[in-house]
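Letters A, B, C and D mark the chains in the order given here, with residues in each chain numbered from 1 onward.
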Amino acid sequence: MFSKVLVANRGEIAVRIMRTLREMNIKSVAVFSEPDRESIHVRYADEAYCVGPAASAESYLVIDKILAVAKESGAEAIHPGFGFLSENSDFAEACEKAGIVFIGPRSYAINAMGSKTHARKLMEKAGVPLVPGAKDAIEDPQEALALAKEMGFPVLIKAAAGGGGKGMRRVDGEAEFVASFEGARREALNAFGNGDVYVEKFVVRPKHVEFQVLADQHGNCIHLFERDCSVQRRHQKIIEETPCPTILPETREKMGEVAIAAAKAVDYVGAGTVEFLLDVDQSFYFLEMNTRLQVEHPITEMVTGIDLVRWQLKIANGEKLTLKQEDLEMRGAAVEARIYAEDPENKFMPSPGLITNIREPSGPWVRVDSGVYSGSTVPVHYDPMIAKLIVWGEDRQHAINRMQRALSEYVVAGITTNIEFHQEILDTPEFREGHYDTNWVPKYMEEREKVENEETVAFCEMAAVVARHLKDEAIAKQGASSNGTPVNGAAKNGWKEYGRFRQLRGQI
Amino acid sequence: MFSKVLVANRGEIAVRIMRTLREMNIKSVAVFSEPDRESIHVRYADEAYCVGPAASAESYLVIDKILAVAKESGAEAIHPGFGFLSENSDFAEACEKAGIVFIGPRSYAINAMGSKTHARKLMEKAGVPLVPGAKDAIEDPQEALALAKEMGFPVLIKAAAGGGGKGMRRVDGEAEFVASFEGARREALNAFGNGDVYVEKFVVRPKHVEFQVLADQHGNCIHLFERDCSVQRRHQKIIEETPCPTILPETREKMGEVAIAAAKAVDYVGAGTVEFLLDVDQSFYFLEMNTRLQVEHPITEMVTGIDLVRWQLKIANGEKLTLKQEDLEMRGAAVEARIYAEDPENKFMPSPGLITNIREPSGPWVRVDSGVYSGSTVPVHYDPMIAKLIVWGEDRQHAINRMQRALSEYVVAGITTNIEFHQEILDTPEFREGHYDTNWVPKYMEEREKVENEETVAFCEMAAVVARHLKDEAIAKQGASSNGTPVNGAAKNGWKEYGRFRQLRGQI
Amino acid sequence: MPIYYVQHGEEEREWSVIRNGEGLLEVTDPEGVTHVVDALEPQPGRLHLLRGARSADLDVREQEGVFHVLWRGHDTEVNVLNERQRRMKAAGVGGNKEAGPDLLSPMAGKVVATPFAVGETVEEGQTIIIIEAMKMENDLKAHRSGKVTKIGVEVGQAVEIGDVLITVEDE
Amino acid sequence: MPIYYVQHGEEEREWSVIRNGEGLLEVTDPEGVTHVVDALEPQPGRLHLLRGARSADLDVREQEGVFHVLWRGHDTEVNVLNERQRRMKAAGVGGNKEAGPDLLSPMAGKVVATPFAVGETVEEGQTIIIIEAMKMENDLKAHRSGKVTKIGVEVGQAVEIGDVLITVEDE
């Protein structure tokens, strides 16, 4: 096994990978941009190297810098995480040339799946069912519009090199088409250095169901069941769960086989995800394959008991996949809630800034993959996802109840997050019943009326009044300026002083 | 199901129970002694009532006060946790009389198992194998000594009402016998209000292996496999694991059946634990039955996927045990490390006090059941266990490696804990091989030579020098007194100020 | 007895708090009901309340005079002033700014596009500027209808929360 | 250049630290090797060091002049003095107390028993007092042989860390 591995990523996923490295007694090497000097992955690593300024294009995305760090540190392999260079075939090739193991598929597979148009052709040949209307990249907005009119609105404009919803736009009618097309091209260029987009038919009530696959260098390939990622907003996943609440066992079996066929069609090696649209009639269409670890991989880990990052490392090291498809079993249910630094009450605007206090949930069957800490700053330059909360339960109902419990324990102060929004979503009948599709969240947001619990509001008002009073008491005591923050000890000791003289009070 | 449950306990176990209550949408009621006003279980509960001063005998152990709170709050049931009133049959009876459900077995079973001498007679009748030499409580030290000489040293003096190592002494020879006998009596009286002790033969290389059982009110009883709790010091468990690394499958089956027989012999209801000594030749002897939830219950939860507290509540509510023995399965391995506020380098002296900073591990398959937080004070009045760290792994090796990783992440500053000691124990060949017995830790401590890693020491020296320098810089900047603690922001901004002008530095 | 004023929509609600001889707070709500409250700050920024037996563990932080109260994931903003602060506000010191013609940036990020030129007319709700933050483009809508009189930023420029982006005045 | 003195067993080791023009610390160890260190305090009481590329996330807190350094679970105590502190110590200000005849309590707890009376002789290592803390009896051994000249506590009394328990003087 490798003795040292470079993690070419940041935040929670870098830490998650380094945790497995530490469990395997492999040294971890972090890279960081200047504003990430304080970031948790730098603190967690055994070694850390600065690779440039804030802009990813000048730091995390610079292949030469990453390879220079690998050589300097003596790392034998590079784990790219997700995003950044994870689906960059030039990087995979450059690693190979430099004699450093790229922990992921061969560049051929990245290329084949990375261009969605190319991927579709390959999949068609392999007998994988496709969404109608898939076409090549188009440059001319008018040509694209003509095509869209031909297949009928709504259509979807997607970045050829894309992922994660960037450069992706749904268009419902002719009027907005050209503006959206250009916006998508601009976003795609910005995010991937490649402005190619294509247009496809938009399936109206689809579930986004994806299959995790693992393939070794010896031709063995298995799937680790599905994840339902249909709770989305602007093509950003919010909540993921496994099993999918609406999939039938026979559909699961079929989709699993197709996922393996898709992976085999590109000689896939490593951990990958085959994404499908699942229709209400249980028919399904190939969407794309992500040739890397997925954000939502932990829910698969929770129900299968398999550490996907460990298998990525073993496979990259040439080891054989000893897991057999027939031995794999889903136990219970798992749910993941992505914690974003954003404000759901203000159009989900990003909310970067200083986290003044954080307290993460814990206890039975609760897992937090976090990229932040009390006192850390969420930088404006990167993804707004600051952590993932994952829970497991004996069944779906228990998992959801546990997620609600865990969310109720989660404290993130200083910035705004979507924790309360998760609580709201989990409590809707649509989510509880499991029949939501990928269009549900935006529809829900339109119809949403936020009902405030009067009792809670009154209680919080009282809390604010008490907080104001304690501040005023502390100021009076210390003779501090009226803007001064009282020292914690003051109020605390205040209680102690008086507390000694208290008895059981009136309650008993 | 109940709508409100009182948790007659404190700290981590109270929080652990309340977490399941919250997941079941049941309101939780906390009780607390005066110094526990700041305790985490008070903060976590929906309601909280002060029941008196620090001394347990005047607060947590006062049956009338606990029942008064139950009535006042409208709680329909009481969960006693472990310790305190959990094995007090008077309390169980008083609950029954007050019309409040006691979440645990009937008082008959508590009584039958609570007196170890009585329990042994019952078990003998039920065909459960016993450790040789079990006898009735003895008051006269000379009579006890005669008995000890008859069965031969070493012998064990044990509290009849005891548990958790309190009032328990191993005696290796005649000379120390009388003093130990009296010490044990004093400790037993102190801890349980009952000074009865008895003497038994001490089995020299035994493993402490216990079986978790669950029994409903309808005559159904199952076991949830074993826990190996042989890593002990002064009869306090330190590290527990499941499966037991040395048990044979056929022994597991036999012991499981015996555990169920033992439970059935006292018409057991609820969650309980049957403790055995397991000899190297796979023969085993009944030790005692704990008629309550066990500290180490989480490792059973991790390998079986079953929430034991939820089943306690369901059983207390009269529901049938729907779990079938033949459906139960152990998946992987789990290890628990008890985090104590004590100093292993100073004879394991208790180390109560203010926790200035705490950072708990998280990530894949790591669970922390914690009773403390940054800024909380570990009181001198109660048990020194401040938290439990539980990990799961695909197999024993992975679980141990994961535990090492999690321990390396665990920060508890301000007080001394046994975290480093855990790391040391887990790294010994004895533990790695799994052949340790209950005498191993004390033996290990005698022979132990602490080797300091020179490189680590030098690095920590450098860190202290840097910390001193940063303090001095901050003092110089602020003109503060030489004893002043620098504000965090100062050093942090110090870096920022300079940081802007830095480039990649020499490293790349 | 210290009085506190809570702004709730249009309404101003009056609370009062006094510490009694036992060290507990007696909090009187706008309806005149007095609650006995045991308040503790277990950690900086945290507040634990026992109102009678009801236990609530909160995160309470003040940002520019507004208290953000976090309770089990729920986030409530409360405007509370003590008597001195209320007098100062009445005197116009530190009062809230009137919503003016300036569109202020609600986020930190980078300006991607400004579709309108100075002198052009915009309708309330039209996209008036696009800001990229955290890899996503965010369309900011015109906060009012009128004529663009000033564009305070350039494409590519980094902006901070509160920066004046664009000024829209009545035609 | 600030010099720091680390007490390591009998030995005194000399370190020095200076902040260079790039804002990094140049730390010279007792062997005269200079390391470039990027030091950051991400949270109160926490110290993150990059010594070259080596990353270490530590908890460093000072208690009575001793630095407790926690690194991945390992706890190391380091005595470090700056020049002023060392001068003061040399002058006898704030110096360490000589180990004297007094047995100080290493823990907070309650006195359970004091087996020896004033005037009796004890051998080093014999149990001289029993203190209960956290529900366990802890046997404290005599720190030296000699005659008990004073018992500063009574059975049942609560004691704090550092309280004088028993005085044992040479016979």
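We adopt the following convention: a residue touches a chain if its C-beta (ideal position, glycine included) is under 8 Å from a C-beta of that chain, and two chains touch if they have at least 3 such contacts.
On a predicted model such as this, the values are computed, not experimentally measured, just so you know.
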item	value
Between B-C and B-D, the pair joined by more C-beta contacts	B-D
Far-end chain from chain A, centres as C-alpha averages	D
Separation of mean Cα positions, chain B and chain A [Å, integer]	36
Whole-Å gap between the CA centroids of chain A and chain C	30
Whole-Å separation of chain centres (CA-atom averages), chain B against chain C	46
Multi-chain contact sites of chain D, meaning residues that touch two or more partners	38, 40, 42-44, 53
For chain B, residues that touch 2 or more chains besides their own	37-38, 49, 72, 373, 375, 408, 488, 495, 499, 502, 505, 507
Contacting residues of chain C [partner chain B, same complex]	38, 40, 42-44, 48, 50, 53-55, 57
In the complex, chain A residues that touch chain C	166, 183, 186-187, 190-191, 234, 341, 346-347, 349-352, 356-357, 380-384, 407-411, 413-414, 416, 419-420, 422-423, 456-473, 482, 488, 491-492, 494-495, 497-499, 501-502, 505-507
Residues of chain B that touch chain A when the two form their complex	15-16, 19-20, 22-25, 34, 37-38, 49-52, 65, 68-69, 72, 298, 301, 305-307, 331-332, 359-360, 362-370, 373, 375, 392, 394, 398, 401-402, 404-405, 408, 488, 495, 499, 502, 504-505, 507-508
Residues of chain A touching chain D in the complex	29-30, 37-38, 42-49, 72-73, 373-376
Contacting residues of chain C [partner chain A, same complex]	2, 4, 6, 8, 13, 15, 17, 19, 22-25, 27, 29, 35-47, 49, 51-53, 56, 58-62, 67-76, 78, 80-82, 84, 106-109, 112, 132-138
